[in-house]
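Some structures are shown below for you to check.
One chain, chain A, appears in both complexes that follow, with chain B as partner in the first and chain C in the second.
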Partner chain A sequence: MSVTIQIPTPLRRFTGDQGDVVVEGTTVGEAMQDLTRRHPALQRHLYTDDGALRSFVNLFLNDEDVRHLQKEATPVAAGDTLSIIPSIAGGAGSAL
Partner chain B sequence: MFRLEITPSHLQAATEHAAASYPEECCGFLIGRFDAATEVTAVERILPVNNERQESRHNRYLISPETVLAANKEARALGLDIAGYYHSHPDHPARPSEFDRDHAWPGLSYVIVSVEGGRVADTRSWRLSDDRERFEEEEIFQKEAAS
Partner chain C sequence: MSVPADLPQLSPAEIRHYSRHLIMPEVGTAGQRKLKAAKVLTVGAGGLGSPLGLYLAAAGVGTLGMVDFDVVDESNLHRQVLFGRSSVGRPKIQAATDRLRDLNPHIKIVPHELRLDSSNALELFRDYDIVVDGTDNFQTRYLVNDACVLLGKPNVYGSIFRFEGQVSIFWGARGPCYRCLFPEPPPPGLVPSCAEGGVLGVLPGIIGSLQANEVIKLIVGVGDPMIGRLLLFDALKMKFRELKLRKDPGCPICSEHPTQTGLIDYDQFCGIEPHAETVEAAFEISTPQLKAWMDEGRPLTVLDVRNPQEWEICRIEGSTLIPLPELQDRLGELDPASTIVTLCHSGMRSARAVNFLRQMGYSRAINLAGGINAWSLQVDPSVPMY
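Moving on to the complex of A and B:
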């Protein structure tokens, strides 16, 4: 079924300037997989090399953090909206 | 070369926030717009926020997604975007750490204020490369707001 994924402004350059991308899937994970299949350049900015969602990348399904639901196994329904929201983290450490 | 345009008063607001937060890290939003054609980020507002880390606040900062959502809403109401972030490095150079790189996206400006012994020592701005391999420094250009 079709769900809409809202792309944050800095990542729209990897989706051909699209702010909303309509994808197919029955779970949050499947919808995200379809997103990165359609726009592969997004992959490295959302997922680690091991395929895990980056720790600072949060997915909100209709305004609810999916970590409080069933994470990437959370079912999606037609017409749902999935938003990609970063938490901002960093700090001094081993300088590059 | 990428350039961050910011008024002296906005830059001062960020550096004063950094000094006042010493020896802990501070953080905040750069609200404005990025022009891809000229590679210029124009900062229109500074939005200081609390460091939401509960521990290791001397060398880590955190802004929750809920705070990002609220800042995004505020920016959109002004016809602007979140154009980047600033944070401080207490007693540490104004250069991104490996941890900073792991937690960044391209397309944004990351301003780092180095605070040495409570005094602002250096302020630099960085952008992550598209391949996530490195940060590239961008010029900070202080410019008075158009009247």
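Moving on to the complex of A and C:
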């Protein structure tokens, strides 16, 4: 089952600047695992050392937050879009 | 939002100023009088605060408060269109107040030149109907959210990063709040700030204008406010997307049984150390010291941990570039036995790098205090400052 994962700008440096990555899987969790298999540098940004999805990583299947579906067990259908929604603070920020 | 029964009248001068609003059926005289009666607070007078301030003042929001404590810097001017060259060095709040009073003398501009924190937010917000979040850091975003939830006020949210923006209205009394979407902030250092990551100058113009639009709709009571919806904007793809947001039944602050009933320490919540990242003095050298070492021909690796785009602007001759986010994966390129001097823009990211390298056994890693800016000031003025 091919689904597209949308990678937010802050994480694109770990996907070779790809914004959309096509992966295989039947659930949200499987699709995400396939993503980190293809781009291992993403692993520690998305998952804890224990393999749990980090609490600040927000996943939306099409336009729904997977936390309100079946989380990582949510089934995906061919052509679905899974989006990683970044927490961005933006604005100016003092010079670092 | 409650609208006072006795809406203020419009003067002939106001009628001239707002005539293009007044002839629209969706606004009309009643809508304009609601705008005049409204009290809106924008938190931040920067990239988002600029279009917010300009459009809300122009539109006739009767009481417009602005909070900021910063001073206008040259590097603000590519996006903070409230300010001009004559504003550089002035407190943003003062420059903004002058600009907005010139734009619309019929409204009351209320300058709050202060740093918003848990001790003043509730008192400050209490006097306003709507709060607009134009801040630039996670601590203040959680603070603004929580204060709005506790007071039952709408929080018109906008956020930007490079080419991406987000807009929503978080209103605990009528829908989800910021914490329902983002229960926890990312750890410090994971998401670069605009000072590190940059931002397209026009992006805050777009996102701040969308926030202003939502504010005006809320006040006038027209259209579909963005409660329970998150708008995502991608300036490169030129695409808007919308996601559904739901109230988290376990939300610590806006759910039916909140576990948090007051404001908290947001630096702690966001994992911010009280004094940014520091390295022990023994693990730090000054730029003249580094110059002396280099002149002596001492064997050392000068490790620049900035981003490649910053490296393009300027660099120290002979330095090696490994951007901080890649350091962990590229450790193999460094010799643990060598002296490694880390540097960045002003010494913060390189301090993180030194602490990390020392943890990993690179016991001769030291930080260049003040970064390449200090190098430019104290050693080599031909290196441009940015």
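Everything below uses one rule, namely that the second predicted complex is superposed on the first by the 86 of 96 C-alpha atoms of A that agree within 3 Å, B and C clash if a C-alpha of one lies under 4 Å from a C-alpha of the other, contacts with A are read in each partner's own complex, and residues count from 1 in each chain.
By our rule, a residue touches a chain if its C-beta (ideal position, glycine included) is under 8 Å from a C-beta of that chain, and two chains touch if they have at least 3 such contacts.
Treat the numbers as computed from the prediction; the structure is a model and nothing was measured.
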Which superposed partner A:9 touches (first chain B, second chain C, both, neither): both
Chain B versus chain C as contact partner of A:65, first or second or both or neither: both
Contacts of A:51 with chain B and chain C, given as first, second, both or neither: neither
Which superposed partner A:89 touches (first chain B, second chain C, both, neither): both
Contact residues of chain A, present in both the chain B and the chain C interface: 8-10, 13, 41, 44-45, 54-56, 58, 60, 65, 85-96
List of chain A residues in touch with chain C within their complex: 8-10, 13, 19, 41, 44-45, 54-56, 58, 60, 63-65, 67-68, 83, 85-96
Residue ranges of chain C in contact with chain A within the complex: 44, 46-48, 70, 75-76, 80, 134-138, 141, 158-166, 181-187, 190-197, 199, 204, 230, 232, 237, 241-246, 248, 325-326, 328-329, 344-346, 348-349, 373
Contact footprint of chain A on chain B as seen in their complex: 25, 27, 36, 56, 59-65, 68-69, 81-82, 85, 87, 89-90, 92-93, 95-108, 110, 130-132, 134-135
Touching residues (chain side chain A, partner chain B) in the complex: 8-11, 13, 41, 44-45, 54-56, 58, 60, 65, 85-96
